[in-house]
Amino acid sequence: MIGELTQQKEVSTRVEGYWYLVGKHLKKHKLAVFSMFLLAIIVLLCVFGPYFTRYTMNEMGNATTDVLQAPSSRHWFGTDELGRDVFTRVLLGGRISLLVGFSSVFSALLVGIVVGAYAGYYGGILDAVLMRFTDIMFSIPVLPLLVVLSSVIPGAGVWKIVLIIAIFGWMTDARIIRGLFLSLRESEFTEAARAIGVSNAGIIWRHLLPNALAPIIVSATLGVGGNIIYEAALSYLGFGVMPPTPSWGNILQNAQYAMTIAPWLVWTPGLAILITAIGFNFLGDGLRDAMDPRLYR
Amino acid sequence: MATRLVEVQKLKKWFPIKGGIFSMTVASVRAVDEVSFFINQGETLSLVGESGSGKTTTGRTILKLLQPTSGKIIYKGKDITKFTADQMRPLRRNMQIMFQDPYGSLNPRMPVGDIIREPLDVHSIGTRKERQQAVATMMETVGLRPEYEKRYPHEFSGGQRQRIGVARALIINPELLVLDEPISALDVSIQSQIINLLQELQQRLNLTYLFIAHDLAVVRHMSDRVAVMYLGKIVETADNDELFDHPLHPYTQALLSAVPVPDPEAKRERVILQGDVPSPVNPPSGCHFRTRCPYAMPICKEQEPAMIEVAPGHTAACHLLTKR
Amino acid sequence: MEKNEILVDVKDLQTYFFTDDGVVKAVDGMGFTIRRGEVVALVGESGCGKSVASLSIMRLIDKPGKIIGGELLFEGEDLLKKTEEEMRKIRGSEIAMIFQEPMTSLNPVYTIGNQISEAISLHQKIHATEAKKRTIEMLHLVGIPEPERRFSQYPHEMSGGMRQRVMIAMALSCNPELLISDEATTALDVTIQAQILDLMRGLQKKLGMAILIITHNLAVVAEMADTINIAYAGKIVESASAKDIFKSPRHPYTYGLLQSIPKFTEKKTNEPLPAIEGMVPSPYHMPKGCYFNPRCPCATEKCREEEPEIVELTPGHLVRCFHPIES
Amino acid sequence: MKTYVTKRILQMIPLFIGVALVTFLILSLVGDPFTQMMVNPRIRPADIARLKHQWGFDLPIYLRFFKWFWSMLTGNWGLSIFAGGRAVTELVGHAIGWTLKFSLAAFILAFVVSVPIGIYSAIRQYTLFDYVFTGFSFFGMSMPTFWFGFVLLMIFGLKLHWLPIGGIMTPGMESAPFFARVLDQAKYFILPVIVLSFFQMGSWMRYTRSSMLEVVHQDYLRTARAKGLPERTVIVKHALRNALIPIVTLLGLALPGLISGAMITETVFAIPGMGRLTLNAMTSNDFPLAMACLLIESYLLILGNLVADLLYAMVDPRIKYS
């Protein structure tokens, strides 16, 4: 109803581009704005924090006085069984966890976009083949296969984990984008582009993809949080980022053996994961509302 | 003698319907079913019909936005029916289309200047600066302020968006413009503005229009010749005044009498057609219109009526006319 | 019950929408009357507030909209003072409504029989079998072939025209005093539109209810309405009998609208249509003075400063203009 | 309807084969377990070759696949290589019972909690109730399963001593009377079921809420109100029925989450279910057992999706079965 009422637009003095409007709507979503600040602080802390703490990552304290100390003014998050400062390790682990979160989402998106866009735009046999393959990948339980892959792919680095998560993470994006392209390719502006003589590649990348950006961004935002949890789960099962490189997941895995005597080791890395994931979820939700296509006809 | 710009012969466009266990083609939507007509240079031919009559599909098939199932499309004496996408590309400069939906036909993520300029980019016409100049000129021609080129479609009203659509279609100087219900989504007071713009541009640029519409009042105002479609077939073609003053086909007559007239004192004979338009998947045998025709005869069921020229330039397909 | 008795009297109705971008005065001081058994039209372009006005009469305005002022007298009682429970008893039984989109206005998961008899058994407190009988009668009345079979069909199994007939059957099933038709034929094809208009005319004669037609199509109104109200930007700018509106429009907007529609009964000319320049003002930036002044060919200084009141120029012919066109 | 069901079932066949093939290929990447034994100097190469032949690992991969797939179809799932040569069916049969028991409990718990709350949140959009449960659902979606398990164990197991800290039953309870046994087992199930259902609750609440919100703005609700129906009828009869249609698909969507969630939860709480069995088979490279576990899980997933699709077609009259 409101849409109909305000249909008569008056060209305003400011160029109200898409991103300007998204920003305007996002600002109204208090939790999303709060999450954005929170995430910014977490990222800044993890990236720059370790330069300012008094301890280095693997610096061990005095074997009698510094081992398994409860949080204090010297060690904000306490120390672990080797006398390492947990605060420093959580910040450093955050770098790795965030890196894994962002880069695995990015790589999965690349695959998902290409598969989804071509399947949705061309349809027919290409679509059938790609989508059956997607169905197969979807039907395989991910976690056990992640375990297998992590023993098959050589090396122990962070990039291996990114690759593994990406291999099993592109299907959802591919399905979302295919669905969008299926409807976008029938839209009149696509037909207009075809009538002008724009090539298929031009239509896919220049006309359709920018219109599919909103769900892609939302899915990516939600995905970062999800993949951080994934990495943690893999680490917990012993197949994630390998120590001594700390990640939130392997700090936690390490902590479970000391659960009875040093509960602080469990609290802080877990809360770090939880807060970061909530942040990305709220931000993603806010973006979904702010980018709702029904708002910008 | 007027030159023929486009000629369509027995054009057919069927859309397959998949079904069954193995997704085979089980039936077809006969959107356009052996349609023939021509358009002369510089004139406006209107294609009239209700939804499901196939008029929009006809328009898009002529531009090869849809591949015809069979039949021939001849553009300036060249048979373009079998042209590939690459072969069509240069021809796209000569034939353009303007769409019905002012909200769906402009890419919402592109500034309008880019939308209007894109045809020039695609066909590599002029230098960057020349293109920019052409966009500004075109925007002024259609009644938009050139300063607005950086703005996005959502910042414009329906009428302004249709002006953008016209500008995009005309910037490469086409000869033929297919107007697919260009004004039916607009408010009454805006409709007349766009009608006037289209007519003015036609005279100034010597354009040929294929005007697809369901609003008969607008058709009368705009066209030189009119073709009436019903369920995938053309049932009657004639010059504008001839068709409106002497409709021959029972469907045309019913259609004309169904249109409400803005005059409370006009008392007219009304033919109210019974029932709905049948499904184009399974059209009636013989004459497609017979199920709703007040004059249906036994022969209408058995035999499809042929198109006959009743008067010069006035053709219709109805068994009543052969009997006479 | 007198024929000329006033059934609905809308006085100075104000329905505003409180959006994040500001207040939209969708209906801003609208007033009109409907007599018993009369067909009244409310005509205007999109954004003139005609649909909001009709939903206001039903008290079905959703958030962020709110009726903030005026009176809605129905049979002498102010609907705005009724409780929600009292209002509910009026909806569907005394005032019924049909909508523009027959495709989306019916619930897809229930049979049409279920949806019609629901209203009947609710308002008339009758047994289910009785309600079914009445439903089939109604389906028959609105010209649906094989009503018994149709009773158990779902909306998606019917064409647009058939669904609109179902909507009409549903609306008329409890013999309402007033039927509001909100652009009910706009989405339909011409030949189907003619069927539905014919049906509505016939039913109006037979059942004698008053009809409020909301539309943007002047031609439809010419065929149906006794009295016509022209709305512009949330206000009525002219109100008169159908004959007067078409023969001697007094408001420049009405005049411009009538001039700008092409007439299919006249021969083709190459003259441009006399169009109204400009567009409907944005609801967030209404012009000062008369809302129509930026588009009006005869606007004066006074029109740009002061808002005109609606005045009765000749008996039954009301116009909101400082410089009405001479008849 | 019959055609539709047949069609959907036939469509599953290539999916079944495809899944088996892909899983087989990925598992084969690891290499056969016997080649890895070669690093052990105490095992003679001849023995390894004999073992390889015995288990069929000396054949080319495509032949191995066909052989394996055929024997699987005929019900011969083989023996586990490492679990003392016990039959795969026996191991799986034992484990799947535990997993089904506690994931079913988690599924039901999540469903009965989240669907009503999601619907009520949508009807009361932007009220305190809505905000509280929106917060709760985000909390649920963002919670790392195993950490949540730790925290619950720490609080209720180690600190308060209310509940056992893992396992499936108190030793010696096997022969206890039925009622006592059930009660005992419930104590062990409480924490894992809460952990496993927590994530589902969060996302289902969001899903139900948005599905209901979608319906609340439909035209036919305005028609229902215009008929004069009481608000309760409008919501319960007209809105809810439509909102429940997409919720049916939750059944299919829920399965992957339950399966991978179960794997972690079983590890945290030391439950000898499918998750742990799969994990052990994977880490010890027990090829026949791993294949069987993965396939059963995949096929459960596919069947779950099929059931969801068919239910969807049943509750939505608009679906055509042509």
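Letters A, B, C and D mark the chains in the order given here, with residues in each chain numbered from 1 onward.
Just so it is clear, contacts are C-beta pairs under 8 Å (C-beta built on N, C-alpha and C of every residue); 3 or more make two chains touch, one makes a residue touch a chain.
Small disclaimer: the values here were computed from a predicted structure and weren't measured.
*Asks:* What chains touch subunit B and also subunit D?
*Replies:* A, C
*Asks:* Give the label of the chain whose average Cα location is farthest from that of subunit C.
*Replies:* D
*Asks:* Between A-B and A-D, which chain pair is linked by the larger number of C-beta contacts?
*Replies:* Looking at A-B and A-D side by side, A-D shows more C-beta contacts.
*Asks:* Please compute the C-alpha centroid of subunit A, do the same for subunit B, then give the distance between them in whole Å.
*Replies:* Going by mean C-alpha positions, subunit A sits 48 Å from subunit B.
*Asks:* Centroid of subunit A to centroid of subunit D, CA atoms only: how many Å?
*Replies:* It comes to 23 Å between the two C-alpha centres.
*Asks:* Distance between subunit B and subunit C based on Cα centroids, please, to the nearest Å.
*Replies:* Spacing between the chain centres: roughly 32 Å.
*Asks:* In whole angstrom, how far does the Cα centroid of subunit A sit from the Cα centroid of subunit C?
*Replies:* Computed from C-alpha means, the inter-chain centre distance equals 51 Å.
*Asks:* Which parts of subunit B, given as residue numbers and ranges, touch two or more other chains?
*Replies:* Answer for subunit B, listing residues that touch two or more other chains: 157.
*Asks:* Residues of subunit C that contact two or more other chains, please.
*Replies:* 46, 279-280 - these are the residues of subunit C that touch more than one other chain.
*Asks:* What positions in subunit D touch 2 or more of the other chains?
*Replies:* Correct list: empty.
*Asks:* Which bits of subunit D are touching subunit B when the two form their complex?
*Replies:* Interface residues on the subunit D side: 3, 6-7, 10, 322.
*Asks:* Would you pull the subunit C residues touching subunit B in the complex into a rising list?
*Replies:* Contacts found on subunit C: 45-46, 159, 161-162, 189-195, 197-198, 216-223, 225, 242-243, 246, 256-258, 260-268, 270, 272-277, 279-280.
*Asks:* Looking at the complex, which residues from subunit B come into contact with subunit C?
*Replies:* My answer: residues 50-51, 157, 159-160, 187-193, 195-196, 199-200, 203, 214, 216-223, 240-241, 244, 254-266, 270, 272-274, 276-277.
*Asks:* Taking the complex as given, what residues does subunit B use to touch subunit D?
*Replies:* Of all residues in subunit B, those touching subunit D are 19-21, 26.
*Asks:* Considering only the defined contacts, which subunit D positions touch subunit A in the complex?
*Replies:* Against subunit A, subunit D makes touches at 14-15, 18-19, 22-23, 26-27, 29-30, 138-139, 141-147, 150-151, 153-154, 158, 256, 259-260, 263-264, 267, 278-279, 282-283, 290, 293-294, 297-298, 301-302, 305.
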